[in-house]
Amino acid sequence: MRPGNNGLFIPGPTNMPHTLRQAMDVPLEDHRSPTFPELPLSLFKDLKQVFKLDRGQVFIFPGSGTGGWEAAITNTLSPGDTVLESVFGQFSHLWVDLCQRHGLNVETIEVEWGEGAPVELYAERLAADKEHKIKAVLVCHNETATGVTSDVAGVRQAMDACDHPALLMVDGVSSIASIDFRMSEWGIDLAVSGSQKGFMLPAGLSIIGASEKALDASKEAKCAKCYFDFVDMINANKDGYFPYTPATTLLHGLRASIDLLFSEGLDKVFKRHHRIAEGVRTAVDAWGLSLCAKEPKWYSDTVSAICVPDGFDANHVLSMAYDRYNLSLGAGLSKVSGRVFRIGHLGWINELMVMQALAGSEMAMRDVGIEIEPGSGVGAAEEYYRQTAEPVTLQDAKAS
Amino acid sequence: MRPGNNGLFIPGPTNMPHTLRQAMDVPLEDHRSPTFPELPLSLFKDLKQVFKLDRGQVFIFPGSGTGGWEAAITNTLSPGDTVLESVFGQFSHLWVDLCQRHGLNVETIEVEWGEGAPVELYAERLAADKEHKIKAVLVCHNETATGVTSDVAGVRQAMDACDHPALLMVDGVSSIASIDFRMSEWGIDLAVSGSQKGFMLPAGLSIIGASEKALDASKEAKCAKCYFDFVDMINANKDGYFPYTPATTLLHGLRASIDLLFSEGLDKVFKRHHRIAEGVRTAVDAWGLSLCAKEPKWYSDTVSAICVPDGFDANHVLSMAYDRYNLSLGAGLSKVSGRVFRIGHLGWINELMVMQALAGSEMAMRDVGIEIEPGSGVGAAEEYYRQTAEPVTLQDAKAS
Amino acid sequence: MRPGNNGLFIPGPTNMPHTLRQAMDVPLEDHRSPTFPELPLSLFKDLKQVFKLDRGQVFIFPGSGTGGWEAAITNTLSPGDTVLESVFGQFSHLWVDLCQRHGLNVETIEVEWGEGAPVELYAERLAADKEHKIKAVLVCHNETATGVTSDVAGVRQAMDACDHPALLMVDGVSSIASIDFRMSEWGIDLAVSGSQKGFMLPAGLSIIGASEKALDASKEAKCAKCYFDFVDMINANKDGYFPYTPATTLLHGLRASIDLLFSEGLDKVFKRHHRIAEGVRTAVDAWGLSLCAKEPKWYSDTVSAICVPDGFDANHVLSMAYDRYNLSLGAGLSKVSGRVFRIGHLGWINELMVMQALAGSEMAMRDVGIEIEPGSGVGAAEEYYRQTAEPVTLQDAKAS
Amino acid sequence: MRPGNNGLFIPGPTNMPHTLRQAMDVPLEDHRSPTFPELPLSLFKDLKQVFKLDRGQVFIFPGSGTGGWEAAITNTLSPGDTVLESVFGQFSHLWVDLCQRHGLNVETIEVEWGEGAPVELYAERLAADKEHKIKAVLVCHNETATGVTSDVAGVRQAMDACDHPALLMVDGVSSIASIDFRMSEWGIDLAVSGSQKGFMLPAGLSIIGASEKALDASKEAKCAKCYFDFVDMINANKDGYFPYTPATTLLHGLRASIDLLFSEGLDKVFKRHHRIAEGVRTAVDAWGLSLCAKEPKWYSDTVSAICVPDGFDANHVLSMAYDRYNLSLGAGLSKVSGRVFRIGHLGWINELMVMQALAGSEMAMRDVGIEIEPGSGVGAAEEYYRQTAEPVTLQDAKAS
């Protein structure tokens, strides 16, 4: 065991607040007891608030984000159905693959990695689909592989512009509860999340929001499913139970997570993520490096993918960071492997925590020969954070 | 919050050992770090020993037992395939339902609840299936609803007797790691378990053993799947990784669980479960009541379903136990609802723990008017346990 | 590691509620931070309510009950001072010893073990002490060794009857927070408790209530002390700090403990302890055995010392219970070693938990040859608990 | 609750490793059970190795460092005895006070804060004490208030040079288990430590090493004590028990702590502390500031007290750090209040953890107007740590 804590700065799982860890550290219990329903019923209600879902239902499955994608697809579509999705990173790519394995016909829009969902191209394709063959439009809200956040509301506008009746499905795994997300306002029909990102919990829960339209679609959908079946869930959930043994400890964690999110306030959570992310971007700038995300409008507030200069291997930076300084950064995946390393900055994080990642990145980059100025990124971030900190005056400080 | 601990005697989740609780109470971690694989690789190896699987592979999915059934089915069968299953309780019934939803043609053998898998009827059906239409034979090893354990080895013999090439799939959710289970010796191709029974963990993991024959079958199987796909698992698992974020905290718990099982010794674990169960059955006898399980050969060592006398509602016993004495017993499900209540006696349990369930059952039964002698069951169990306890002599006792 | 949980029925430490365990499972913190005082200040305030102390102060030291005795003595008395104490068990005996080591002159009233504080003898001695040489009157409220609770109010009346100005010091280690205790009403000047009994926490805190009169006395007291000095505590505590590093994790546990006590309600806590104890005494009766406590008025609601029949060694019962059934009972101490075994029934306990102790005692007694009827004690306790349970009707039960 | 973790950089309590936290998170237990002694006996044995004590005994009391001082003094000295101590900080000052309250005659050597134990002055005083009135020589090994480590071996040499028979007592609270400490080699008779510094646990245990000479002295010592009496401990400890209820959960934590220290290796623990400290000192240098410790030979490897420039109030730095950035630094105490702030860098710490303290100090200093270059200290520390890191080559890094 290496001395000192591991610095965990991957884009999920994240640093877990102690209150959440504790909330899950409970004796096991009877999930069919008469008092059990109180917990799930409160979660179903409050998750709608987190998703900003007015009507519809939120489902909780033992699973991962991938399971959430599968639940969304199989409950609302039938083999042979056409879906439209843009691909601009590893996770949008994998969703396409999942759709194909379930017998869907996927129309993809290939986009350069570093850009986000191409609203205009979506608009074109949708407008061209006069016969409404496209049954679902898929968008990855926050592409974790490239640190790119997309304009989901824009895609909805594109759909509305041509009155397209397809379902709008959004991968919000690494955005929900960290980045502004408005399920009903943006007209999202299915939104997929997991426990291990903005909810700051261990992996193990797929959390899926479904609009009324999605629930209606589930009555006709012919994709095979049983484990992820909405219908069984709807029947059991209405009384606060589950069709099979739920992951009760994670449910307790989710309760504590939502309580924590609400106690800070969702808007403040989003602002905090933005501010932490801006500090990281200020540091990247001070290093003279650039992000994988091509334009500021794509910048993700939960993860930054940082390009190493030509001639260097980003994986070497990662190895140095991990082996020498016990710092876990995110690797570049697939197309950008070796070209970027990623700093995850979501969840239970504050200014000084992220300094570990910045200082460690500086050290690891210098170890592999990248010529950045030691302390330059940290210093720039310090100044950004100082200038944007809550104004505590000396007077307050003295009084405290 | 009611004073004192809840007495948890449902047939899973079970009482969790403190070492397992602690093992899961860890910081989150990077599931792609270079040191991460050590944990899963050790689990894959040791789970084969728990399943007594010589060749083949054990898979760990974030999921439940139901997810395990789905994984077993969808990875090895194709829509339209015929499977043979006997139904004698709620869980064998639900597995049939799952098969049907995935497009399989299920031949069922209906058996009276309280009996187990009818080896002779399996033999007849298999012998009659000259064309080998039956692609898989499904058996529920331990039917949790009725407290009945079946003769899996007998079913295998029936298959072998007519050289039937079908896959043998076994639901071992409430038997594996508690009751003798020999995957290779019994020629089982797919064995399904979950974390919340014999492994004494929270629900959240599907654990599935697959023989080489099952792995071969997975290459041809056409049932749609992605989340539960063996192929992705095989590719990632071989290096100790997973195709998507695994439930790392449960993996740590599973490590501690297996360590605990091995430190006691699987054979001793089985003997302990048998002895605890025998004590419960001795108490039932002393009460003048009978088990749902019709014959001793069916008696389950992990759960006892106890029939209340005619004219009484077993659910009233449960309510009294829970509301007055904070005791969680298992309800009768479906066909036997109201006719039986169940005492789960699996996992981390010893003589005195089960006394809570027996004393509480006596109190609750008397509360609803069932005329049993107070203390009769407990006293009978005491004598059974005394006579079968490890022989500690006074000399030893004094020395300690 | 032996399978299943240890049955912990010693008179402290007790079974710890999970909420308390969790409350202590926190990161370490700066005990000089500006926000730290909130915790101790809330404790100081609420502990007065637990002690039922109107005016005065409650102190929290890292220590044990013995440390509490030392703090009470050394802060209010001077070497050579005379104190009066009755001795009727191991703990009242040890307090005398502690006083002597600090140079006090101890007048003891020896009482047969099994009886409590002899109010009449106190009255005599105090009345005879015309010159008020006696500076403090010491009473053990609940003698843990014999399971005897004394009449502290009676001793106060004896003091008042002769207008005796001595301080009244009470060992409430195994009574406070479990048995009715009224510091101000009973005119107690110093009351000593610890974290590991009624507070249901691990050992590690001495908790001492001091009346205003005791605080006044502390200004003149000449017994040497520094670690346990009230003055340093008073100075630091007023702002919510401590003179040296406090045991912060136990303070968090204490917060949770008081919250739990208040949420149940102190009166209900006392009633619950009485009812649980009555059930144990009903069982002892059914066994045909007797308690060490001579008369019902002495019966303790936190611990029962049970006499084994002549010719048997109570320690053998203990050894059998521990070695064969993983049950921890309390040994007879000193004078009653071998003659009694003790069942602790305080803290976080309910009917079915105590059944473990009763069933295990029956088994262990029979193992050593004591001829009690198996199940007799348990059965008698069952009936007592049933008849005194909260009246849940079938109707309620069905509705829940 | 403020988002993100608190940065804890006070000189104890320290960051607690998760394995230690878990080790204490156990059910309560019977401290008189036949199996209990295994734990304390292993601790007594292994603590001698931590203290590097060949013969003699290590005691564990529920208490704090102050309690340890009191135990050392009261068990080996008598009222009126003379002791010699140098005072150069708040903690050496408080020990003098404690001695005086126990009736000792304290000869003090006042030293400027920022210097350490003056070996020459000790030598003079001891040489002058021809009649050996001085019964004990007290030295604070690591003065936590000023970040100064003293030469204990030098004091021993001064004693030996004049054949002085006094006991040598050392306050090792903030040095033992973090900084090289050799009880037998340096001829230390009493060494005092606590659980919350190098042992990385919560406060709550006083840990005291006593040489055979100290144990002999305890037979004659007349200072009043009972709670802290070595004799009761010796009698009970020899069989692995305690004279009163021990703080069992902390004992489990101590077991895990020693296991962790041994698994890293004490020498590596000391080297790690030195390296981390050197990085901090490199940063202080880069800021253009100076330490309270006057000379490199006094530099402490567990805590650095950093002087703010004239005209600034160090407490403002602290307030800013805490209020704005959730960073807990140590305040200047007593004489150096307002002149220094302290960074504790002991326990479970690595390079990147300390970066939080350095970056936060930079931000807080700039917030109050101290003109240091943002990132300058962090950058300097980065380079120091890089150059002194274990040589992981790219080849290793790639392979891992």
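So that you can tell them apart, the chains are marked A, B, C and D in the order they are listed, and the count of residues begins at 1 in each.
We take it that contacts are C-beta pairs under 8 Å (C-beta built on N, C-alpha and C of every residue); 3 or more make two chains touch, one makes a residue touch a chain.
Given the structure is predicted, the values throughout are model-derived calculations rather than measurements.
Among the other chains, C has the CA centre that is most remote from the centre of chain A.
Looking across B-D, A-D or A-B, the interface that copies A-C in more than half of its residue contact pairs is found at B-D.
We define each chain's centre as the mean of its Cα atoms; on that basis chain C and chain D are separated by 35 Å.
In terms of their C-alpha centroids, the spacing between chain B and chain D amounts to 53 Å.
Averaging C-alpha coordinates per chain places the centre of chain B 44 Å away from that of chain C.
Shared contact sites, meaning residues of chain B that touch two or more other chains, fall at 5, 15, 25, 27, 34, 319, 322-323, 400. Across the interface of their complex, chain D is touched by residues 18, 22, 25-27, 34-35, 400 of chain B.
Interface residues of chain D facing chain A in the complex, by the touch rule stated above, are 1-5, 7, 15, 19, 25, 260, 263-264, 269, 272, 315-316, 319-320, 322-327, 348-353, 355-356, 359-360, 362-363, 366-368, 373-380, 382-383, 385-386, 389-390, 392, 394, 396-398, 400. Interface of chain B with chain A (complex): residues 5-6, 8, 10, 12-16, 21, 24-25, 27-34, 62-67, 70, 74, 79, 97-98, 101-103, 194, 196, 202-204, 223-229, 243-250, 319, 322-323, 328, 330-331.
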